[in-house]
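Lettered A, B, C, D, E and F in written order, each chain numbered from 1.
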Amino acid sequence: MSPSSQPDYTQFPHYNITFPAPYVAHVEINRPKKLNAFYEPMWLELGAIFRLLSHDPSVRSIVLSGAGDRAFTAGLDVQAASSNGALTPAAAGIDAARKATEIRRHIETFQHEISAVEKCEKPVICVLHGFAFGLAIDLSCACDIRLCARDTRFAVREVEIGLAADIGTLSRLPHANVAMSWVKDVCLTARDFDADEALRVGFVSGVFDDKQTALGKAVDMARLIASKSPVAVQGTKEVLNYSRDHTVVEGLNYVKVWNAAMLQSQDVVDAMTAGLQKRKPTFSKL
Amino acid sequence: MSPSSQPDYTQFPHYNITFPAPYVAHVEINRPKKLNAFYEPMWLELGAIFRLLSHDPSVRSIVLSGAGDRAFTAGLDVQAASSNGALTPAAAGIDAARKATEIRRHIETFQHEISAVEKCEKPVICVLHGFAFGLAIDLSCACDIRLCARDTRFAVREVEIGLAADIGTLSRLPHANVAMSWVKDVCLTARDFDADEALRVGFVSGVFDDKQTALGKAVDMARLIASKSPVAVQGTKEVLNYSRDHTVVEGLNYVKVWNAAMLQSQDVVDAMTAGLQKRKPTFSKL
Amino acid sequence: MSPSSQPDYTQFPHYNITFPAPYVAHVEINRPKKLNAFYEPMWLELGAIFRLLSHDPSVRSIVLSGAGDRAFTAGLDVQAASSNGALTPAAAGIDAARKATEIRRHIETFQHEISAVEKCEKPVICVLHGFAFGLAIDLSCACDIRLCARDTRFAVREVEIGLAADIGTLSRLPHANVAMSWVKDVCLTARDFDADEALRVGFVSGVFDDKQTALGKAVDMARLIASKSPVAVQGTKEVLNYSRDHTVVEGLNYVKVWNAAMLQSQDVVDAMTAGLQKRKPTFSKL
Amino acid sequence: MSPSSQPDYTQFPHYNITFPAPYVAHVEINRPKKLNAFYEPMWLELGAIFRLLSHDPSVRSIVLSGAGDRAFTAGLDVQAASSNGALTPAAAGIDAARKATEIRRHIETFQHEISAVEKCEKPVICVLHGFAFGLAIDLSCACDIRLCARDTRFAVREVEIGLAADIGTLSRLPHANVAMSWVKDVCLTARDFDADEALRVGFVSGVFDDKQTALGKAVDMARLIASKSPVAVQGTKEVLNYSRDHTVVEGLNYVKVWNAAMLQSQDVVDAMTAGLQKRKPTFSKL
Amino acid sequence: MSPSSQPDYTQFPHYNITFPAPYVAHVEINRPKKLNAFYEPMWLELGAIFRLLSHDPSVRSIVLSGAGDRAFTAGLDVQAASSNGALTPAAAGIDAARKATEIRRHIETFQHEISAVEKCEKPVICVLHGFAFGLAIDLSCACDIRLCARDTRFAVREVEIGLAADIGTLSRLPHANVAMSWVKDVCLTARDFDADEALRVGFVSGVFDDKQTALGKAVDMARLIASKSPVAVQGTKEVLNYSRDHTVVEGLNYVKVWNAAMLQSQDVVDAMTAGLQKRKPTFSKL
Amino acid sequence: MSPSSQPDYTQFPHYNITFPAPYVAHVEINRPKKLNAFYEPMWLELGAIFRLLSHDPSVRSIVLSGAGDRAFTAGLDVQAASSNGALTPAAAGIDAARKATEIRRHIETFQHEISAVEKCEKPVICVLHGFAFGLAIDLSCACDIRLCARDTRFAVREVEIGLAADIGTLSRLPHANVAMSWVKDVCLTARDFDADEALRVGFVSGVFDDKQTALGKAVDMARLIASKSPVAVQGTKEVLNYSRDHTVVEGLNYVKVWNAAMLQSQDVVDAMTAGLQKRKPTFSKL
């Protein structure tokens, strides 16, 4: 069912994918000359990468960052978008309903690719630095944990270009549990905010002196997570995301049904035995 | 369909309505001698005002504040409420079920009027100062952004008068993304809290030295918002409120359908063109 | 319908139950030699206690804490759990589906008992100190307000023993309105966090110098709550919990129907009269 | 709060409103020369009428039918709609986003007026006959009980004029508990169906030889309902509509809270006493 | 965890519990002199019985019927209810809010006991005959399959005694997928309906000549169900009930997680092997 | 964005895809020697086909049927499934949690492919005949309209092979608005039912003498649908499916936002003009 051989992670020209620690993958957005701005091939690749990582038994946690000194990503490559995509005017003879259908399909694909990060079974730690505008927020909202460098300049920029953000920011930010008064401030004004503000409101959970330090910290955290039972870790991500979207009673029922199978892992036995013996357990692949 | 002439905003005796900047309305609660305490005509006027503002094409953002030095609003005018309304005892011969029906209809109207602020298509920035008790919290929770003066004394006062708050505080505060342990503290004890505490927990997103400074800041923010595409701004408010109440998947679907129409605005073209030309765009009315 | 005589609170060997102030109950977990670690009889007793308190008219607010200097609770008594319960291996001849059924029923009971704290009609203030690991978090998440001593060491420990937390932490923490990036950090890494961090993110709403001070403060808060109308207080808890799990519109409708009956209390009259007379009201039992 | 004087039901030129039995109102759509086709003033009046009936204590059940021999209603007056409303082309210089805003507001008003029938606190029995096309289905879906004359010709006509029905049919029919395979057949093909088919699938619950017989039967049913406790009847409508839209567990909780007040009526005592005495009870106004 | 010894089913004076076929239990309501009318001890016993059956490995399907020739159950024993329970007037000095609290708790218990039938992990086939009024409908709605004798006289009687049905009928009937126009007719008029009508609308799925024939048929059906894999049968009940209350997407996700464990039963292997060998499989206890 | 060239429908060996009428596609399951039983390549192809059809502007409605005289489909090819897939035993050394993960991923893919039929933007009419077991029900539940030949033998067979149906039947059947008592009967007993029973309960909406007649009727219906505005038809499918899964209020809001764009089609103008001119309109591609 699942492929036994390692996926080929070199097939994605816009990303560097490395493995800095056991069971840890590092996905680096790699279009630094354009401030890592996104155009269509980049989000198609991104979705494909995270779908592969999701089922790859040799990966247990993931770090996502941007190449270069200047930007995690400056957001959508507006020039590319305006020559091809949802933002292009309708062709002659196309009425507004038909154009709407075209736009809807386009947004659906785009959302689907970014949501692959959230749907990935393994935790994803996002490391932001430099410019982190527009799509940077959509994308980082789909990650589980957000860390950043002190120089990061964040902005929910979409109203600047005449539109409500539609790739995830407005859908996920109200569920990131950061104060709604602040969320509306930054989404409606499109103003910049810095790392300290991001930390204070809880949008990021760690700020570090520079990108390298932040990346190092993220890899450490990923390594720590990867040292735990993958059954426990992946269940924790799944159940937290499910619970975010459901009532407490629904959440309790779901984790009960989930764990009916997942408590029957060798990991529980191994973890408890190792705990009693004061040593670190190892866990088989998942 | 929509009226072409400007609504008459002078018909509401309990409110001052002014236009301090282009496309910015300022609604001032105006019963300062009574600490801006509310009685029925005031909430009926409030709802009517915000329904007018909602569709008025010459308004793009709104500031809400209270007249006088002493109070945003001290809350419900209890004296008035106890002589007429839900808090009056049942008339002779009225059983508890019939009284309950009367109460239910009364609360429904009251909630409907306060909810007009949330349903208003334009963002509303609330500026609190002085006493901000009871209904002050219900009302400010229906606004998008909350700012305050340093002298503000907040309290969720309703348990002091023997009731669970029913005009919005208990329904909206858990979704304002301020810590629930704190929410329960202030709602169950009815204790005061000050501006610093309100900022720390995220109930407000800005504290300013005095009411005038806070108001000035709010008007600046409203002006900034009003300078953006109204299509983008109103879509952002709508989608954030929708997403707050729905799962991430539902939110993504909704913004996709919403933007299928709303990306077909002239604003996107104008904003992108102006962006490339490094000038400020102007947008036609909505 | 409801028993007129006082329940017997001395029948629960693992808990000390006292009444430190009028209408205030104090429930103390009492297995200090084992760091208040839980095994099955303890959670069965806990549920029974809170079901009694829920309908006891002489109780209006509750404090929950742990006996001894060292721990609120160190969590699940893993030794006991591994000899009897969901974590034991399946008996010979039991297939994974049948074992899953056994686990599901076990978790259901366990969740049901811990949820009795949340379902208790009276507010519960949790005071944490020392070790507060694993089940400590599940349990405190079911309380309304969390306070702690400065020496508290918190951890969502479950991934350490190979499982996703299934007794409440993962279901309730996303609704405690603490930043999700932080929630995922502590749930996925199982790392410790201290009182200051817990306060900063809003997991607790008060930190005090030591356990005794924290307990004293909790009893004061409980006393304050118990001095208010029990109709108002219990309605406030119910409506906040309902609203947390529903949209704003649903929450408004619910409080409207709830208050249709509950505004018809003598408490409203008494509270308003006392307010006008600048004296403290007293309220009859509920 | 509620007006003590009888509302003036003669102010609505497009409707005949009569009172054929104690506590029974009969609302007749009265534009027979145009086959009772709807244009904007008619739905505005309709909403106003049902909002009045909802709180009128002298009304306990309502019959809705159409004047003339030929049609309950032939639906939207397309000619009127195409000269003014959502179906008119955008004015020059109005982009598709702005036109969409105009359409959205127009549909919202239209839906709001038709939904007044469903929101009316009293049960509404719809009697269909002759042509019952398009809006006839939207409108009858907002009623509680549907009866018809044998000559009725039903059709969900909207796809014939190029649109998905947006005033209620598509939203309510899937919840009318008629087989979805049939619902999609009639909604996608826009074909006619007759009274027998409507009865067989459960869209109507009674077919009668002609309009007069059907009307007579409806008035009998309304009279029977009006002879029951209004507290019981209005609670039953409310709880059934709530339950239709919620899970079983939510529905049980809601009726519990609802009845906490509503069981405290004199009606329960009177109904039980009358039952023991084998006589018909009478109930005071609600 | 689960008791190894057979529960004692003789401890319930108001019920006869027999085992007419392998793995089949028959629960007979046994108060025929009172037409099987319910008073409080009866619903407390009912809940206890179905909680025992739910986990009893020697039971795989259940038939529920009423003793005597005259009634499945005539409903609530109104005489008993009016001397003790939610329908009694408030004691002197009890305000309407306190009485409401008492009523709410009473209804909660009553609902909890009847819901034990729905929550029972094994399918329950209800056999109705004779009078089936009021609570008879609440109770049968909590069963999975409804069969009846030709002489059954059904009625949703609650409005006759001045109240909206609050023990399940109004919450479950809209989800039984019988036409809502009919549901509202019988719930609002409280009229009788007979077996043919019940079959035509789908409230029952089988009508038989007399009670004995219906019972025989029910036992046959229960025997058939009990001959299948209990893992498959209990999963099917659970997933159908879950899906009834959730969207299709939620339902698909749930059955996926459910079956992740439940496909790992020996039953799948045994059933498929037996199928290939054209013999009946046997399944171990669950 | 959307491909301008016609997709290649000949690449799917297990299906015949033809175009029997303008804008009508006919998808025929083509493995008649195996009674059209499904194995993995078949559902992967099925999903791919319906994803292509969904966006193919030359297709407006679809008929789905099975090749050969004997079966629409006899369901899952159990032999294939037991040698490869969710029903295979775990490999040595794989614990139940890891096997569960494998199963979950397998079911997810399988569901995803079958759900492609429901997600297809165009209406799908299913024509059943002969054996229609197990997966036949899952698959037909994902279609919009179900017709059948008189010889059809239906069964929800899954409990026969030891499992709860997990590819759609149990999730969709409760929302097909067929009586739940009947749904549980057929799902729990796995018994056969015939065409008349299927029609009576509403599972199918038409029964025809033989497969050819049924197919002819389906093509006629598809042709009729394809003659309508594709904007109207696709909106109707989308809104009905959305409304099935949401409350009435949510459904009304959704269709309002949907139609804000979709009423701006040329189709409305063309349909109304053609209506006035008593001629058939033609519509441009979508």
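Criterion: a residue touches a chain if its C-beta (ideal position, glycine included) is under 8 Å from a C-beta of that chain, and two chains touch if they have at least 3 such contacts.
All values reported here derive from a predicted model rather than from experimental measurement.
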Using residue numbers, check each pair in C-E, A-D or D-F against A-B and return the one sharing over half of the contact pairs.
-> D-F
Nearest 5 degrees is plenty: how much rotation brings the CA atoms of subunit B onto those of subunit C?
-> 120
The distance between the C-alpha centres of subunit B and subunit E, rounded to whole Å, is 48
Counting in whole Å, what is the centre-to-centre distance of subunit E and subunit F, each centre being its mean C-alpha position?
-> 33
What are the residue numbers in subunit F that touch two or more other chains?
-> 96, 99-101, 175, 177-178, 201, 231, 244, 249, 254, 257-258, 260-265, 267
Using the touch rule from the top, collect the residues of subunit B that touch subunit F in their complex.
-> 254, 257-258, 260-261, 264
In their shared complex, subunit C is touched by residues of subunit A numbered 61, 123, 144-146, 175-178, 201-205, 221, 224-225, 228-229, 231-233, 235-240, 243-244, 247-249, 251-252, 254-265, 267-272, 275, 281, 283
Considering the complex alone, what residue numbers of subunit D touch subunit A?
-> 96, 99-100, 249
Name, in rising order, each residue of subunit E that touches subunit C in their complex.
-> 1-2, 55, 85, 93, 95-98, 100-102, 105-106, 231, 234, 261-267, 284, 286
Write out the stretch or stretches of subunit C touching subunit A in their complex.
-> 78, 82, 86-87, 89-90, 96, 99-101, 103-104, 107-108, 111, 115, 118, 158-166, 168, 170-175, 177-185, 187-191, 201, 244-246
